[in-house]
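Both complexes below contain chain A, partnered by chain B and then by chain C.
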Partner chain A sequence: MTTQLKNFFNAKSFCVIGASTTPNKPGNVIAYNFVHTFPGKTFLVNPRGGELHGQKLYKSVFEIEEKIDAACLVVPAKYATQALEDSGKKGIKNIIITTGGFSEIGEEGVLLQQQMSEIMKKYEMNVIGPNCLGLFSPELGIDTMFLPGTKLKRPESGPVSIFTQSGAFGAAFIDQLSRLGSAKWVSKFISYGNASDINETDSLEYVGNDSDTKMIIIYLEDFKNGRSFMQKAREISLKKPIMGIKANRTETGAKAGASHTAALSSNDAIVDDLLSDAGIIRVTTWDKLKDCVLVFGTQPLPLGDRIAIITDGGGAGVMASDMVSDCNLKLAEFSPIIQKNLDETFPSFYATGNPIDLTGSAVAEDYRIALEAAYEDPNVDSIVNLCIPVIPDLDINEFIQITKDIAKRKEKPFVTALVGGDEAVYGTKELMKDDIPVFPSPGRAVRALGMLTDYVKYLKKHGIDPRKVSMGEGK
Partner chain B sequence: MKNIEIFEKVKQENRTALLEHESKKVLRNIGVNIPPSRIITSLDDALIAAKEFGFPVVMKLMSSEVLHKTDAKAVVINIDTEEKVIETYDDFMKRFESFSIAGILIERMVNKGLELIIGTNTDSTFGPVILFGVGGVLVEAIQDVVFRMCPTTKEQALSAIDEIKAKKLLDGFRGMPKVDREELADMIVKLSKLAWEYRDNIAEMDINPVIANEDGIFPVDARIILK
Partner chain C sequence: MTTQLKNFFNAKSFCVIGASTTPNKPGNVIAYNFVHTFPGKTFLVNPRGGELHGQKLYKSVFEIEEKIDAACLVVPAKYATQALEDSGKKGIKNIIITTGGFSEIGEEGVLLQQQMSEIMKKYEMNVIGPNCLGLFSPELGIDTMFLPGTKLKRPESGPVSIFTQSGAFGAAFIDQLSRLGSAKWVSKFISYGNASDINETDSLEYVGNDSDTKMIIIYLEDFKNGRSFMQKAREISLKKPIMGIKANRTETGAKAGASHTAALSSNDAIVDDLLSDAGIIRVTTWDKLKDCVLVFGTQPLPLGDRIAIITDGGGAGVMASDMVSDCNLKLAEFSPIIQKNLDETFPSFYATGNPIDLTGSAVAEDYRIALEAAYEDPNVDSIVNLCIPVIPDLDINEFIQITKDIAKRKEKPFVTALVGGDEAVYGTKELMKDDIPVFPSPGRAVRALGMLTDYVKYLKKHGIDPRKVSMGEGK
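On to the complex of A and B.
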């Protein structure tokens, strides 16, 4: 199974069948992508011939003499069977069909997809799609996303691999990642659409074994092969975190059966338990998924569940503490020597317990002292850095520098929340340039650590030392 | 009788639901500990069985025409004298005269305890799945259950036990006996293997309640429904 997707990502030659001379048409965009980013050989096919993006347009695949490793079919559904048949005759074994108009449109499309499946089998081809965005890997220069770069910005190479049933979700998420921090996020992106051949389990297996992938994001609405997906996930989640959305939560309720068990068996209740049993971190909202990328993609794993909170506002500290308990985390108890130092260093009106409340009198340097103390303390597993920058003596630029200095160490998970207006937005932007996770509220910052810690708890439960799991922090 | 023979027999009789004594025979075949019980068809046998098991006993009417036994008053518990065995026997025979009766299941009564449920179902996506949770008559209202895919490992079963919201109840809550999680997990594993091995036959299964008390963990009612 893995070998199927490997064949696509390792392809040395790619053919775009249906390369279009009309700007912004899918066949035009994909041809452009390959001509400009693919390091291997690119062939463009259009029955009218001519030239495109400075390359020859072959009238048919049979005009091409060289061997072709993979092809992207960008022809309308009604021509797709013929194009697939030709590709088979030409000996192309790996095909991406981005075009829609198949099983997703009803009976007529189902029939068309069946015909395609027969051709696939006849020529022993591997197929991604139809009705998908196909593949994207900035590192490998593969990009079958048919949306023009002026509209859908491409993120750069990084630790995250994504596979998605929905192309629209994928496109939006990729576009968001292109403006998240440094934009260096994506390793492999797989949009498999109708999954006529390659499905969620194949995708999981591929990115699970891919050494460049440090974390896996999934978007699913249903399963083509639920059992083997869960079995694979159980193995892979012990090596790297898997997280994501299983949408369509209200799809089917439980059927009233003859047993209580049947009555309780709603599809989503089962999915929810099986995902968690397989070690997949399920999130239900888009925001949470982005928070996941930010924290899993940049931070080391914590060794335990003890959190230190540093704040300049009591309310923010209290809210963060509430979220600590909501996320089954604990407030760390500082070790005696660290506690003594804090007590002696700070004025008596600062709260030096946990949360450390530097109050409205805080200057940036106070943050350095408190953050370093928490960082040094072996009783602290993760640190939350909360700042409401409206207080008069806090220099935002100094605060930014101090936060950057601490964030660089990457020995413990470290998240920041900047809450407020212009200065908060400015600080967030500056820190995010270096992929330092900053959240707009105390709760989101703590919750991100909660997800990271949940994963560690899962690993420990299965006897895995979290230090053995390498994350995206090395990027 | 082997499990597959039980399933075949039920199918030949054009039934999909096993009667309780048949379901319990299946459970016994896979090594699940069932309270002493016997299916009897005469008053003499009822009295012998009651004496052998020791009072109190429970008597349940086994008929494919009576699936909701409690509703039909076809279950009598707390039978603690020979007179009551006779009384119950006569009452069943009179009230269910016109029914086709497979017999009366007489079994030693399980003491009160924590009521749990273990069940299996066939999911359209994942095939046989097993459920564990808080059982009893309120099971569908409480909905404190956890699913696993069949067959499940002991590790997965233990984690399922740990995931119910009411897990405090298992640890000796307010003087209740502490539930042996290992034994419970073993039972979940056995049932999940049964559902997996006979996935072509078994559609659904309800073991509810499974009673956990100071004597151990006992399936008190069992229902297996075939495809």
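On to the complex of A and C.
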């Protein structure tokens, strides 16, 4: 199965069938993408012939003499069976069909999709789609996303692979990653739509075995084959984290889903158990998913569940500590020698326990002292750096520099929350340029560490040393 | 009790005791604030005399001949008892003590605070603090927040009153409101710190009776008097919504809190019941609190729990629908006539049920048609406007204009989620300029309506017609 997707990502030649001369139409955008980013050979097909993006438009695939490894079909649904048949005859074994108008629109479309399936079988083709965005890999220069760059910005190459049942989810998420920090996030993106052939299990297997993929993000509404998916996930989650959204959690959601990728909700409590058993970190909200990318994509795994919190606001420390409990984490107890140093270094009105509360009197240098102490303490597994920058003597630029210095070490998970207005937003932007994870609230920073730590607990339960799992921290 | 805080907010003269000539020191900032924003008479006191911000520095309160309604004490803790005694002798009845170094720092501070309490009693003073930010009201020109405007931006006048046990929480929240939409949010802000006299119940009573306050935000870690607070809340929550954070939910949080405002955690499940019984909308995260301000501060109350969702992405519709269930809301069933119109107007591949899925083929005008239909349908109580702007034919500026047109009506709660990258961020900024609530994910938009609807259910349970409760929609 894994070979199917390999055929696409390893293709040396790609053919765009339905290349369009109308600007911004899907067939125009995909042709543009291949002409401009694909390092292999690109062929464009349009029955009217002519030229597009400086390349010849073949009137049919049969005009092309060379062997074609893969094709993207961008023709309307009614012409799709013929185009697929032609591709089969031409010997193209790997086809992406982005067009919609199949099983997702009801009876008529279901019938059409069945006809397509028969052709696929006859010619032993691998098919992605229909009704999908297809594939995207910035490193390999493969991009069948039919939305122009002016609409959908492309992120750069990085550790995260994504596969999604919903193309719209995929597009929106890719768009978000394009403005998250350095934008260097994506390894492989797979949108398989109606999954007439290649499905969630194939996608999981491929990215699971892909050495450039350090973490896997999924969006599913249902399973084509739940059993094989869970089995595969159990293997892969011991090597790299899998996280994401399984929507259709509720009857209401299922009702909404029925009209779009023809998905049926199952008993969600069972799904929840199965996902957790397979080591998949399930999130239910978009915010959490973005937070996942930020920590799993930049931080090493912690070795345990002991958290140190450094703050300049007692209230923020309390909120963070509440979340420590909610996430089944512990507040670390500092080693005696570290504790003694903190007690002796800081004025008596600072709270030097955990959370370390530097109070509204804090200067940036206090953060350096506290953060370094926490970093050096073997009793601390992860560190939360909370700052409300409005306090009078805190220089935000010094705080940024100190945070950068600590973040560089990458020996322990280290997250920052900047809470407030202009200075908080400024600091966040500056730190995020270097992909240093910054959250807008104490709770979200702690929760991100909670997700990392949950994954470590899962690994340990299965006898895996978390130090052997490397994620995005090397990027 | 309510008269106590009235005395401060109605004060015609304010004295800053401990006015400092050192730039950016608390005593300097507070003096600056009063000189520049307070419409009444301001007196500045510093034992060295001289001049500050163009005003005379009195060497002591006794040098001032006029009657003084209220004072802000910004002297170090060790001089505070003397300053309070002097204020008492001078006949100042209303004192804000912003300085820290009292019960929050342990035994020595507890003793000091007791001495202060005796002086307060002797002179029958009303005291806010110590260890607090004190008061802020943009409309009344009262501002004892000792952080300079370069650090802590001030929001403008609006419907929201806030009281907080944690000064840091208050400062960070005020700072956030200063860059939320139009920044026109705050009516009264009360930070009472150690609550040696005026506490959470006094604050609640004051803002509850204040006609400019349309909604109340609270941050509490413990209660000085839980019973009277809940009793007061039960009355007020029938007139205007109260929402906020009761931190110290967990033992870990309580441990963190102990070192800061000397708060003790109680059994949180009981607290949860009591808050809910008193009609207080409890939120546990910062994000939710900001979302509360956005909906309660701009939208009318819904008359029921029936939600319409309009989307251009099936996946977003499914996630929103899942949240509809999570929040105990219902997907509205459109009236036959509205449904018929939708079916006839839109192409057959749009899903015209609820959610209305305009698909990736949507143009902005489709949104207008769908939104107007939902708005006009008596079966719809609230509307969620979801957009993933990357789709090829959607003009973001047209979408913004259509959203603005619908948002103006203010007859039904109407929330928008813009999900994606550059265009989503641009659209959010443009709409938020007019305080039109936009969320970054489908779930958060629905959840915001869930909170509004929960409040309506509470009102109805107590026989109150939600149409009689006006909030921030008139701003």
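Things to note:
As a convention for this text, the second predicted complex is superposed on the first by the 459 of 475 C-alpha atoms of A that agree within 3 Å, B and C clash if a C-alpha of one lies under 4 Å from a C-alpha of the other, contacts with A are read in each partner's own complex, and residues count from 1 in each chain.
Everything that follows uses one rule, which is that contacts are C-beta pairs under 8 Å (C-beta built on N, C-alpha and C of every residue); 3 or more make two chains touch, one makes a residue touch a chain.
Keep in mind it's a predicted model, so treat the numbers as computed, not measured.
Contacts of A:134 after superposition on the shared chain: neither chain B nor chain C is touched. Judged by the touch definition given at the top, the superposed model places A:300 against neither chain B nor chain C. Legend: residue contacts after superposition of the two complexes on their common chain; A:248 is shown touching chain C, with no touch to chain B.
Once the two complexes are laid over each other on the shared chain, residue contacts for A:427 go to neither chain B nor chain C. Of the two partner chains, neither chain B nor chain C is touched by A:413.
Number of chain A residues touched is higher for C, counting chain B against chain C.
In the superposed model, A:277 lies in contact with chain B only, and not with chain C. In the superposition on chain A, contact of A:461 is made with chain B only, not with chain C. Shared interface residues of chain A (contacting chain B in one complex, chain C in the other): 257, 259-261, 263.
Every residue of chain A that touches chain B in the complex is listed here, in rising order: 222-223, 226-227, 230, 257-265, 267, 269-271, 273-274, 276-277, 461.
Only residues 17, 67, 117, 119-121, 123-127, 129, 131, 133, 139-140, 143, 145-149, 156, 159-160, 163, 204-206, 208, 223, 225 of chain B touch chain A when the two sit together in their complex. On chain C, the positions that touch chain A within their shared complex are 24-26, 29, 100-101, 104-105, 146-148, 151-153, 164-169, 171-172, 175-179, 219, 221, 245, 247-253, 255-257, 259-261, 263, 284-287, 309, 312-322, 324-326, 330-331, 348-349, 351, 353, 355, 357, 359-360, 388-392, 419-425, 440-444.
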